[in-house]
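Letters A, B, C, D and E mark the chains in the order given here, with residues in each chain numbered from 1 onward.
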Amino acid sequence: MTSVMSAVVPGQRLGHVQEYIAGPGTYSHQDFLYASVVGLKQVTTADGDERPTLSVARENTQTAIPEIDAIVTCKVVRVNPKFASVNIMVVDGKPCTDNFQGIIRSQDVRATEKDKVKIYNSFRPGDIVRAQVISLGDARSYYLSTALNELGVIYGTSIAGGTLVPISWQEMQCTKTKVIEPRKCAKPM
Amino acid sequence: MQVSFLSPTARGADGRASSRKDDQDMDLDFSDLLGQHQTPKGSKDFKDGSIHVVTPGETITSDTQFMRGHGTYVEQEKLVSSVAGVVERVNKLISVKALNTRYSGEIGDVVVGRITEVTQKRWKVDVNGRQDAILMLSSINLPGGVQRRKQESDELQMRTFFMEGDLVVAELQAFFHDGAYSLHTRSLKYGKLRNGSFISVAPALVQRCKSHFHSLSMGVDVILGLNGYIWVSAYVPQNLDEIDTEQVYSNKNKEDISAEDRERIARVSNCILALAQELMFINDTVITFAYEASLQYPLKDLIKQEVKAAIANEAAASVDNLRG
Amino acid sequence: MTSVAATSSTFTFSAAAFQRLHPAEYFRKFVSQGVRPDGRLLSGFRPTTVHKSVVSTANGSSMVRVGGTTVVCGIKAEVAEPTLEAQDKGYIVPNVELSPMCSSAFKAGPPSEQAQVVSDAIDRILKDSDVVDLEQLCIEKGRAVWALWADVVCISYDGNILDAALLAVMTALTNVRLRKPTYDEGVVTVSGEALTEENSFSLTLTRTPLSTTFAIFDTPNNTLLADPNSAEENVSLGRITVTLDEKNQLCGVHKVGSGSCSPALIKSCIERAKERTQELRSLLA
Amino acid sequence: MPTNLISPAERDYILKGVEANVRADGRQRGDYREVSIETGIISQTSGSARVKIAGGTDMLVSVRAEIGPVLVDSETGDGADKGQIICSVECVPSASQGWEGRGADDVNNELSQIMARILSSGNAMVDSTSTDASSPSATSKPSSTPSSKGGAAGIDLSKLCIIPGRLCWILYIDALILDYGGNIIDALLMGTRAAIFDTQIPKTQLQEFGDGQFDFELQDDTEDMVTIEGRENMPICVTLNKIGARYIVDASPLEELVTEARLTIAVNKYGQVCGLQKSQEGCMEPSLLLEMIQSGKTMGQALIKQLDAKIEAEAATDLSMRMQGKPPQKYGFFAQ
Amino acid sequence: MDRKRVAGPENAVAPLVEYPKDQLRWAPQQEHRHSSKRQPEDIRPIYLKTGLINQANGSAYIELERTKIACGVYGPRQKKASQLSSFSGKGTLNCEFKFATFSCQKRRHHIRDAQERELSQVLSQALAPAVRLELFPKSVVDVYVTVLENDGLAACLAAAITCASVALAHAGIEMLDLVAACSGSYMTVPRNALGQPQTDATTTAAGASRDEIWMDADLEEEKHEDGSIVLAYMPSLNQVTHVLQNGRAEGAVISQSVESCIEACNKIYAVMQHSLLESITNGKTQ
């Protein structure tokens, strides 16, 4: 059960830690709960919880940032034998205003026969790929994996410029020329 | 509040200030730099095992039977030094060890280092050398048993073992082709450092000993890295069989470091820095002597140059006594 | 607005995510229906407002909003030596600053290519159309003239910066008041007392050119988007800018980017620009 | 070269050590390290000083007096009868890893700005006429604080003016940070004070030609040099580092990495606060802020007294050497 | 020479301003501040509005009479190559402070000068304590502040901090609290201010002048100040996030000015809250 209450701003004291569990958009400091974003204060009571959860629903959503285990949609910008470089554009269905860099290493492309993976036969520049964040990576890139059935290329264009449609989990066909190109395809959900 | 404002002094505080104007006895002056009390001052002849200090371009010997080692070159059939330092001889091999240099390691050295970068499958470690040393993911003990195999998931969570800034003690295992050092921590005595503070001295001052891990009698542990990085920490009883491998990578200091412990650690640190200031070799015995000598001064005076010099001198005298 | 979803594949996205991944496709769906994602018709302009005298530290200033694009122009007068070729002429130096504050498309540091193009376009319009007789800015012939730094700061960037910036510069120029200077042995002095009709003067503008910009969305159909916003600029091939003065005389036609256009298309642009500049002129007055 | 990194265990050790009032090097929270100062070591400058804090920080401060045009504010006409002080601080890139490449740019800029703000008049453009110092009301004030309010520096800028509206002395204060061992700002201001005390500039004689034209004559007699007026009123800095709920002075490099918030308090010898600046990414309660200002003030006053004693003692030694016809003994770069 | 901008004449300077002898310039007087009828503790009315930059993740615009500042917030986003250092488990707050060329009495240059670079640093030090940087590892939040009109430098910095804090909240970035900032100027006010402006303490007999702290001083007042303080404060958590003081003052005056600033910050906080809540209701009606 959720009840929406007043609008709050960061720093506003919302309640005592003994009364509520700190939910998203809040933080606790010296026995009290405070709002950390601008939004509407909500109290959710779920069965089994000893205390209701206090959260603040963001009114002005912060742009999405990749987190570990998040499903992201990204565009391949470069490939080399070791990994594919991608621009992360959508995180958990929410577009991020600026691209984040990510890489899909060859061992993270698929779950089986990892050592036989050839990046060029999995991704090509321009492909739109659905992937999962597995690590915050190094200073520059997030590490992504497509080693699940529903992860992989979801949209691509063939060398001829036609749209590719998946015909197996590792092949796609050009709608224009019927040429088959290798890809690590995502299984449509 | 009292602040000591001093005038600068020339190197060597006690009346040796004038020696820089007096170039007759340069060797003697330099030998001071090397720890005047461990080595007899002597002639230029290196064959009798005494100290021979050379500067770049100085001829070491014109005898052609010797072989050229590090820090030397041959010119007109003479062996000439290319650095300022001490001549060392092993049989026919002559090398010059530079006085003030970065750490140059040998396999088997115990070093203390700081993680500077985490990359794929390896850490970069600052060990005071010419370049960062490398610690491979495969060269550490993974939590969950000494025999556990490296997994792919370990590669993704390298920061749970060591992250940027962490201090480690490790052993120099090998050299890479580019001269970089490869370290390992595949022993329970190596690993992350906790419960104390870090000091740094010139690498040349740390004496190569059988062990570089010492539990001193006053209840302070010291790790003397051969690279000049030294870790002084509260005494932790070592029982290598019972160490929990999960604990190896913990960032938590032990709870019960008392103010007295801290004072002792600070005292030992300052004693080591005092020895370094007076350019004396550093080993566990001399640290203990210096510590004993320091006890007559209040702790906060130990950062004073004058007091440091006095402590070092007293420790040196104790070493001389020991030798008889 | 949110009724558009991806149909080209079996993966579904929210409209926002789809726009992010396939911006051109997203727009094509709207344009084929004759509307634009922000609800405008293809020929529609965004609401435009003009404010004068917004910055009191400047000698003349204006703020112009064209939809989501907001620019502020401040004109600051300084004294400089005239050039040898034009000893009785002052300077008007327009510069447009597209700072990283106004859009993530711009980086800090030296002006981007786009900022250079816009600054240069305005400079050329001012010079070629002889907007201000620069002799008005003479203080002492051969010695001292006024230099008017017309700096345009873009506060918020949402496309069509040239129209907004030119409108802002023109408004600010009409807004300039200069104190009457006295020249004495190389030193130019002005009075510190409050501005009055007697101790100051404004500029006389020969003409006031204003521009109207259209984006070329696709070539075969020659679809034009009037007053494109930033998202539309990004998916368009190029832009046509028509500059007209108050007598509807042409002061310039500017085409940038790829995509060709027929003379007829330019003609229709000019016709539509006439209506638009008339509207803008009512704001200027 | 030290890296600017610290491990969580070290952080915790330092934090708890500050709480227990035993710092890693055995000092207590309010203890300074030894500072060594030597003045007059660069003969090409008008005044110079080298400051070293035992444990690393090492810098050279020089004062160069040059004659240049006055800087007049076109709007207010201020500055026509004033000299100028121009500060510049440069960190040697090899002194700290964070200063490599362009890394020192921000630090240089921050330090130069802090110094300029403390030393020059800043925004306080209240005219101070040359009669101030001798005016009766100034001496009758109980604290005998200087009455010229031309800025916090205390340096009487009007005395640096040579021809009003035209020429003045410009004091270029350049500092070179040679080595980093923590607490740069305090050392910087100590060095500046010492260098300014060491500074002597030639006397100038104003000549009037009658028709409103002036010229001046520089007296090149080395015996007839003058010191900088108002130099004793110059402030110095005490930087307090908030670590946990406590604060410490004279932090070492590792302690600076643990510092949450840093407060630099500029104080003159009268105990007046001549500048405050917080830095680092932490915050503090107002009560702590006021407490820190108070202790910074007390410490600063004590510090000035001891610093001045040192500077005077050195000046006295140098003088006695000169009286004996010997050059003063300076170690300069041969110093330990 | 700057080839990327339209070039103007070199060595252009502002003309000298000459004030007629009979016309007095403003000087501090008892119970009479420069702009409007303010008491020493009064701040100027604040107009604060969010969301004027539609391309930014968050933005705000603040106006205190003639002081006008715009702020845009971008991110959290990927660090640019120039900002890249080693991996950091915490996010970075990058602030850039810029005066528009026409915003001050003297024309400013396009390129950031030393003062602007320092103010950028001050801005980020004042805001960082409030931003929960640990929630966006290795990303950066860019805060860009442009001053359109500067009517008092200290007040301008304070307003920039306030404005940027609101813009951060508007961007939906997790914060511990809002940061309000206020400036105060140390003034020596002659008691019987008639006729000649008496700006010089010494020419006034002892006791005839009084030290006052004028909050949120404008440019004209700032020209007469002995010093100023800018204090940034998190009202809800009772934490000072920044303090910057210049000029000389007795300890007691400092304590008093800190208190006055905090008091003023609490007033400003209410305005900030109001404008943010307004952004919610506006969002609802659209």
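Quick note on the criterion: a contact is a pair of C-beta atoms (placed from the backbone, for glycine too) under 8 Å apart; a residue touches a chain by one contact, two chains touch by 3 or more.
Remember, it's a predicted structure, so these values are computed and weren't measured experimentally.
Path length between chain A and chain B in the chain contact graph, taken as the least number of steps between touching chains: 1. Considering every other chain in turn, the ones in contact with both chain A and chain D prove to be B, E.
If you compare A-E with B-D, the chain pair joined by more contacting C-beta pairs is B-D. Distance from per-chain Cα centroids to the pooled protein Cα centroid is smallest for E.
With respect to chain C, maximal separation of chain centres occurs for B (centres as means of Cα atoms).
Placing every chain at the mean of its C-alpha atoms, the farthest one from chain E is found to be B. Chain C and chain D have centres, each the mean of its CA atoms, that are 49 Å apart. One inter-chain figure worth recording: chain B and chain E are separated by 51 Å, centre to centre, where each centre is the mean of the chain's CA atoms. With each centre defined as the average position of its C-alpha atoms, the distance from chain A to chain C rounds to 39 Å. Put simply, the C-alpha centre of chain B and that of chain C have 67 angstrom between them. Multi-chain contact residues of chain B (touching two or more other chains): 116, 118, 164. For chain A, residues that reach two or more other chains under the stated contact definition are 97-98, 138. Contact with two or more other chains is made by residues 13-17, 74, 77, 86-87, 105, 130, 234, 237 of chain E. Remark: chain D residues 74-77, 106, 109-110, 112-113, 117-118, 122-129, 131-132, 135, 137-138, 140-141, 147-149, 151-152, 261, 263, 268, 271-286, 289-290, 293-294, 297 touch chain E in the complex. By the touch criterion stated above, chain E contacts chain A in their complex at residues 57-58, 74-79, 84-88, 130, 132, 136-139, 169-178, 234-237, 272-273, 276-277, 279-281, 283. The part of chain A that touches chain C in the complex is made up of residues 73, 75, 89-90, 93-95, 97-98, 128, 130, 154-155, 163, 165, 186, 188-189. Here chain D touches chain B in the complex through residues 2-3, 5-10, 12-14, 16-17, 20-28, 30-38, 50, 52, 54-55, 254, 298-299, 302-303, 306-307, 309-310, 314, 331, 334-336, going by the rule given at the top. On the chain C side of its complex with chain A, the touching residues are 8-11, 13-14, 16-17, 19-22, 104.
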